[in-house]
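Think of it as A, B, C, D and E in the order they're written, each chain with its own count starting at 1.
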Amino acid sequence: ACGSGSDEAGGAGDTIVAETAFNLKTIDPHRQFEFTGSTIDSAIYQTALEFEDGDLTKPTDGLCSFEMSEDSKEMTLTLKDEDAKFSNGDPVTADDIAFSFERLQGIKGNPSFFLDGVKVKKVDDKTVTLTSEEPNPALPYILPNSSIGIVNSKVVKENEGTTDEKDGAEQFLNENSQGSGPYKVEKYDADSQVVLTANEHYNGPEPKYKRVVLRNVSAETQLTDIQSGQAQVAYDLNSDQAKQIDESMGKISSLPSTRSLYIFNNADEKIGGPAADPNFRKAVMAAIDYDKLIDLAGKGSQRMASLVPNEFVGAVPKDEAPERDLEKAKKLLKEAGYDGEKVPFHYSSDQAVNGVDLAQLAETLQAQLKEAGINLDLKPAPSSTQLDGFRSAKQPMGIGTWGADFPDPTNYNVFIPGGDVADRVNWSDDPKLKKLADEAAKAKGDARDAAYAKLFKATTDTAVWIPLVQPVSTVAVGSSIKKFVSNADISFDFAKAE
Amino acid sequence: MSMISIRDLNLSVTAGKKTTHILKDVSFDLEAGRITGVAGASGSGKTQTGLAVMGLSPTGAELSGSIDFDGVELVGMPAKQHNRLRGVQLSMVFQDPASAFHPMLTVGDQITDHLRHHQKVSKKVALAKAVEILGRTRVPHPEEAVKKYPHQFSGGQLQRIAFASAIICDPKVLIADEPTTALDVTVQAGILRLLRELCDDLDLAVLLVTHDFGVLSSVADTIVVMKNGVVVETGEREAVITAPQHEYTRSLIESLPGAEVSP
Amino acid sequence: MSIGTPKQPTNTPTTEAVRRDPVDPGLKRWQIRFPKALRTPLGFVGAGILALWLIAAIFAPLLAPFDALAQNFPRLSAPNGENLLGTDTLGRDVLSRILVAARTTLPAAVFVVICSALLGSVLGAIAGYFGRAVDEIIMRIADLVFAFPTIILAMVIAAALGPGLKNAIIAILLVSWPSYARVTRSLVMTARGSEYVIAGRLLGFSAGRSLAREIAPNVISPVVVLATLDVGSAILTMAGLSFLSLGAVPPTPDWGAMISEGVSQFAAWWIAFFPGLCILTIVMAFNFIGDSLRDTLDPHTAQEVGETTS
Amino acid sequence: MAEATTAPLGTDVASASGEADAAQRVKPPKLHPLLRFILIRIGISLILIWGVTVVTFLLTNLVPTDPVAAILGDRAAADPEIVAQTREKLGLDQPLLVQYFTYLGNLLQGDLGVSNQTRTPVLASIGQVFPASIELGIGAILISVILGLLLGLLSALKQNSLVDHAIRTLSLIGISAPTFWIATVAYFVFFFRLRVVPGAGRLDPWITPPPKVTGLYTVDSLLAGQMATFANALGHLILPSCVLALFTIGLLTRFSRSSVLDIIRLDYVTAAKAKGLPARTVVFKYIFRGALVPIITVVGLAFGSLLSGAVLTETVFAWNGLGQYAYRGATTLDLPVIMGVGLVIGIVYILVNFIVDLIYGFVDPRVRVR
Amino acid sequence: MTSIDQAPAAATAHSPASGAPLLELDSVACEYKLDGGGRFRAVNGVSLQLGRSEVLGLVGESGCGKSTLAKLICGLEKPADGSITFDGHPVRALGLKKRAKELLGIQMVFQNPYASLNPRRRIRDQLDDALALNPDGTWTVESLLEAVDLPADSAQRYSHSFSGGQRQRIAIARALAAGPKVLVGDEPIASLDAFLQARIARMMRDLAIDSGASMIFISHDLSVVRDIADRVAVMEAGRIVEVGSTEQIWNDPNHPYTQKLLAAIPKVDGKGFIPG
């Protein structure tokens, strides 16, 4: 009665089965803002710019080539890929590019902020310009995002697509993708699975796997499916699970994650209690056993000296990361006058970030801080409730996560007083940081890197945000796939798998 | 010659470690065309005697002695063989007609299933026979009655149906366990008359279990009186009632209400 | 003999003798019956297992070889000489955690069952005794609760109130009272119509008195039996909620949560296997005892209590 | 004696009083009792269903989370203007009662709302996942009814024998085991170690589901004549439905045992034996039929525990059914999903028990009205 | 003399003129709702009187409404029509209320001895409850048990250790303990075996008359009724068809139904004659 086995999986021929625990609201590129959606959209849509071989510091040409004005205020995109065709055979034009940008901005979806303050203008059949009022050096890092995928404007408009809030093309786009990428949607079911088939008009190399089935399953099932050959790609394995995949079953591809894990402390004394005291916060920072956290997050995870991932421009060098020092922690606690009272510690109980289970992380932190005499009162909640509480700035302490929207330090400005996220811990004012931020905004080239590093180092020193660990993004690939591309840009490239 | 002759019948039931003797050396005869009435207070073993003849003693019961049925020994007879006699040669009618029928099966089905099983007749033939027998036991509208369910009949009617079921295979022995106790006196009279009639017409050997001396006095030909599993007196109807030999029988009769006992 | 003139009762022979009860009549009926029930093999085994668990729970701090919260062992080590049942994903001793978990699970389950038995039987008694509108309202609500599968309703309640032992208990309480209400109602209704209660009413008993004096003693033992069986299902539901991470909040050790942790670590089978075994044995113990107890009830009442406590 | 045989056999008084009975009827019943019974049951079911809508509505209003934030996502929720707009669009600014009637109105139009998490209409999603649970449920019910009844019957017929004790003990163990644990252990042993059953899910992932007719893969694949798909779907069904059935087997075994024991004691069974009927007939025609009526009721109840079990089992077997959908809804506090699932499950449960009542009414000629 | 007339209200205003019947039923009717809808008139236009220290037998076949009538008298059913008066007080349906003091003089002995005693309470407690109604009475638990021919140690036991006949005697004792003026026996002997029936019935009569009470004795066993009743009422399908002294009913029945009923009683004469 054996209906499975890796041999048969190989025999399943041109289908690739990929598994992840879904967080999927839509695959309308201009609305999607979650991992699952962008995984799918990056296989369906092409973008104006791309990262060179997945190196997040090197934006390069995609559908277009680009040129940035001296003052970083104007970007000119020139249609480069003349043969690019949408899945219905229509060629990609400058109209499509301009429409896609305008639609992203106009429908006010989650990713609309990407092009905040940018004016889109089609110059001619080959050229589109993007003009910003303020210098916008991050733009080349933003455009490769799959949320800014280029859609077939003609078809989308025919199906209630507009560039304002009246847009009604979402459902159409979920079921009938309008991209020029290697795949198109065959079946969309946000609860259980999404099936992609090859786009026969794709002008790149023809993918070996003509069908992609992306299934919604839990990490533990992903593990057994990879092991048994039921699935070829698994996105959510944690380090312990990844360890169980041996050579015969498949390979593990690890990349530094673009997501950061941190502890937040509320700066308002009424809400934060002890956490509002810098000495207490610094004590927490000194009480954490970072090596153990690295162990928990698995091979390839790294120390962080700020919230900016180590690979990004503006990252603070790893060796400046905080270290454990229990003596110091105890001393600081004494200074803070902390006498062991319980501090509520919030986190999403149902969330794992690149295989780091937040519940486990919280338990680990609780045990570690205990050694310094800090008592955490764990407050787990489903992500949505948890997020609610955090957003309304009512949580004294807890675990936060941030995934880079685009690989540029400006993406982390939200953590500086005045930024959205800083508001959530009632941290409204810090003149010193303000000054550093202004300096960094003006800096250019290599100076920019250093200026931002300085800003974020100073931010970490306040210990409002305590960077914990930069996890590792793991993709397990079954043994039936012999060759594949997996990089920081797209964690697994279905089209290039063989 | 008697149809059934019971000799030194002993019955004991073992439950757990406790053994109770229910029947002790019971002996009496049933004869064709005669009604033998068994009387006794509650718990004296009347029902168990009847069930022993049918081979339906409770599980864990130990039976010894002899029950001779027309030359065949029933005590110790293998269940399979006994089963071939039950319903065919030996039949039984129970005390409460309402609970002796399955509530979810039609009356016609229930009074013919043993006929169909034992005599391998078709359902149609069996039903035709059922209608005839129901007519014989004076159940009103027999053709419709076979299609009805037990709850659609009154107690007296059901008891008539039970008699029909008992005689449908032309048995030689009929055991009636308190067939009228659950019925009103007026209905009782009809049933007693039916019993008498069937016994005479079909030459049945009837064992009538009852604790009602009125009933015995009306239909029994022979009376057996039991006390705590022991037969204390056996004799002709009139003799036993008018001139009881045993002290126990006398006290039973004297305890009856009113002045029905004629001197 | 003239009609209508009663005779003196003659000294008739009587087959009835005063039946001696083998049990000392000085004890209340249910008091003597329960230990008797435990003398059946199943009841005995159940009581034995339960006793072991009680000892384990009470003396857990002494019995547990290590601190159940301390993460100071190598993570995910298989059962060995030091960690008899292995360690979990955070390097905690599984055996110690299992023992400590019994300390929350057992009292919580017993507590929730006592509460829901009280709530349910009071409501059921009111519904059964007073009938009519009160009965309709209470029983329709009970039907409604029945219309949702236990775990789903409990899941929604627990999710709404937030995870945590307290909320899990509230959730289970809210979903489990109706079975008591049903049983009590039907027992009370039977009792209310029964001749001994009517006899009491004819003697001028008030509703309260007849409920408390006449009916309650006849309802208590079935409810106790039902409750015993129900402790098992409360433990199961509680474990189910923790399995769905809606139960006890970490780091409090909890069997359901341990199983769910183990599920993600298939290779480390010991993490899930042993807590599951604990749940199985303890639920079994309660079911064994409850089952033996039920056998001591009379058949009608046993039917009320049902084979279907789930 | 001659007198006795020739005298007219007067009609039984009981039948005569049947006529009196009619005379004593003050108001004859207007409806056929069976029809009346059905109407009453329908009425009760409708009231219950209405109650279910109230309960789901109230429950979800207890949830201390703002659905707007969940709908909008992290970024958009930061904009108070968009938040206010969405609130208005969803009618969340209305009083509770108005919200309830809007909800009820939508329900009547088959609109169960849209999931906050996936933006998929709840009804459509339930249409997707429900057949999966039904397939699993039917599999489990079949297994548990067949095994449960047979074991119960066997156990009762051999009361107090070794077989009886063994069956009773096993069924007690069956209802004591946590389903999710058994599921995990079974999956580990039978799939992971022994590989005798296929893995999680309803089909091997690379197999295209058969064209949807009923949504049950086994049935649909047969309809489409895809034997390989059928075999695959059946293979996937076996382990989860066995695991799920474990509890209900125990339940039904115990119940049918006690039900059969009750029947065995009855006079009509002795009467059947006294007719010399073969044991087979006595057992199946008389005992079993009598025992079946209460058992049908329990099958209805068992259905409820199957749904409960499904939540936990489906999680382990990645069975994309109602249980998993409910679990996702509950853990993400996806209100429309929770309400939708609660409603559907409540209605299904009520319907199943309505049908059970009807069967009860039809099977038992003494149609009973509560 | 036992009495329950301790309540002043009962002793004063309503004191009935001597010679007035103790219990009077005036064209009483009772209806039951039927399962399938509609109503069933179980008792219809019944008028009856019960004098002091009198035993009235009520006979009729199964289902004719005897128990319903008994319940009406005790206030356990609501009359659809007519009125019942006890000792000058109207008998009202009990409902969920506590029974009115002045009606406590009506007590009942039920048919099923296995259900009429509380299985979870000691016999003594149950008797004490009844004795409490009648503090001035001469009865004690011990004397009651003696009167019904039970060993004194019975008081300490629970009902399950008694046989049917013994239980019925306890039930009689309980009813007597309350010092009733009317004792209603609803087929109190029906579930006993034939040899016990007469004995228990006679015991009931003696105890009731000795304590100054009247009794309504319901039975479908005519010979027992003949044995103990002063007057007999014959009931058919919810109506009383004939009332008369026991002698008159037996020797000279007027109503054809009564005649039929009497004719159906088998005689214990050993003559082999089937009645009816």
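Going forward, a residue touches a chain if its C-beta (ideal position, glycine included) is under 8 Å from a C-beta of that chain, and two chains touch if they have at least 3 such contacts.
Note that the coordinates shown come from a computational prediction; the quantities given were computed from them, not determined experimentally.
Trainee: Going only through chains that touch each other, what is the minimum step count from subunit B to subunit D?
Mentor: Graph distance in the chain contact network comes out at 1.
Trainee: More C-beta contacts across C-D or across A-D?
Mentor: When the contacts at C-D and A-D are counted, C-D has more.
Trainee: If we define chain centres by averaging CA atoms, which chain lands farthest from subunit B? Would you check?
Mentor: The chain farthest from subunit B, judged by C-alpha centres, is A.
Trainee: When you take the mean of every protein CA atom shown, which chain's own CA mean is nearest to it?
Mentor: The most central chain here turns out to be D.
Trainee: Relative to subunit D, which chain's C-alpha centre is the most remote?
Mentor: E
Trainee: In angstrom, rounded to a whole number, how far apart do the mean CA points of subunit C and subunit E lie?
Mentor: 44
Trainee: Roughly how far is subunit A from subunit B, centre to centre by C-alpha average, rounded to an integer in Å?
Mentor: 89
Trainee: Averaged over CA atoms, how far is the centre of subunit A from the centre of subunit C? Could you give it in whole Å?
Mentor: 49
Trainee: List, in ascending order, every residue of subunit C touching at least 2 other chains.
Mentor: 3, 10, 12-14, 159, 162, 245, 263, 266
Trainee: Please output the residue numbers of subunit D that touch at least 2 other chains, ranges allowed.
Mentor: 1, 4, 10, 13-14, 17, 64, 192, 315, 331, 333
Trainee: Scan subunit E for residues touching two or more other chains and write them down.
Mentor: Counting only residues that touch two or more other chains, subunit E contributes 61-62, 195-196, 199, 226-228, 260, 272-274, 276.
Trainee: Within their complex, state which residues of subunit E touch subunit C.
Mentor: So the residues of subunit E in touch with subunit C come to 74, 76, 94, 96, 98-99, 101, 104, 106-108, 110-112, 115-122, 126, 129-130, 133, 149-151, 154, 156-158, 160-166, 171, 174-175, 178, 195-196, 199, 202-203, 205-206, 226-230, 245-247, 250.
Trainee: In the complex formed with subunit A, which residues of subunit C make contact?
Mentor: 69-71, 75-76, 89-90, 159, 162-163, 245, 249-251, 263-268
Trainee: Mind listing the subunit E positions that touch subunit B in their complex?
Mentor: Residue positions touching the partner: 61-62, 193-199, 201, 220-224, 226-228, 260-261, 263-276.
Trainee: Spell out the residues on subunit A that touch subunit D in their complex, using ranges where they run on.
Mentor: 1-5, 8-9, 12-13, 15, 17, 22-26, 33-34, 108-113, 170, 189-192, 211, 213, 215-218, 221, 224-225, 227-228, 230-231, 350, 382-385, 387-388, 391, 420
Trainee: Where on subunit C does subunit D make contact in their complex?
Mentor: The contact residues of subunit C facing subunit D are 41-42, 140-141, 143-144, 146-153, 155-157, 159-162, 232, 236, 239-240, 243-246, 256, 259-260, 262-263, 266, 269, 272-273, 275-276, 279-280, 283-284, 287-288, 291, 299, 302-303, 306-308, 310.
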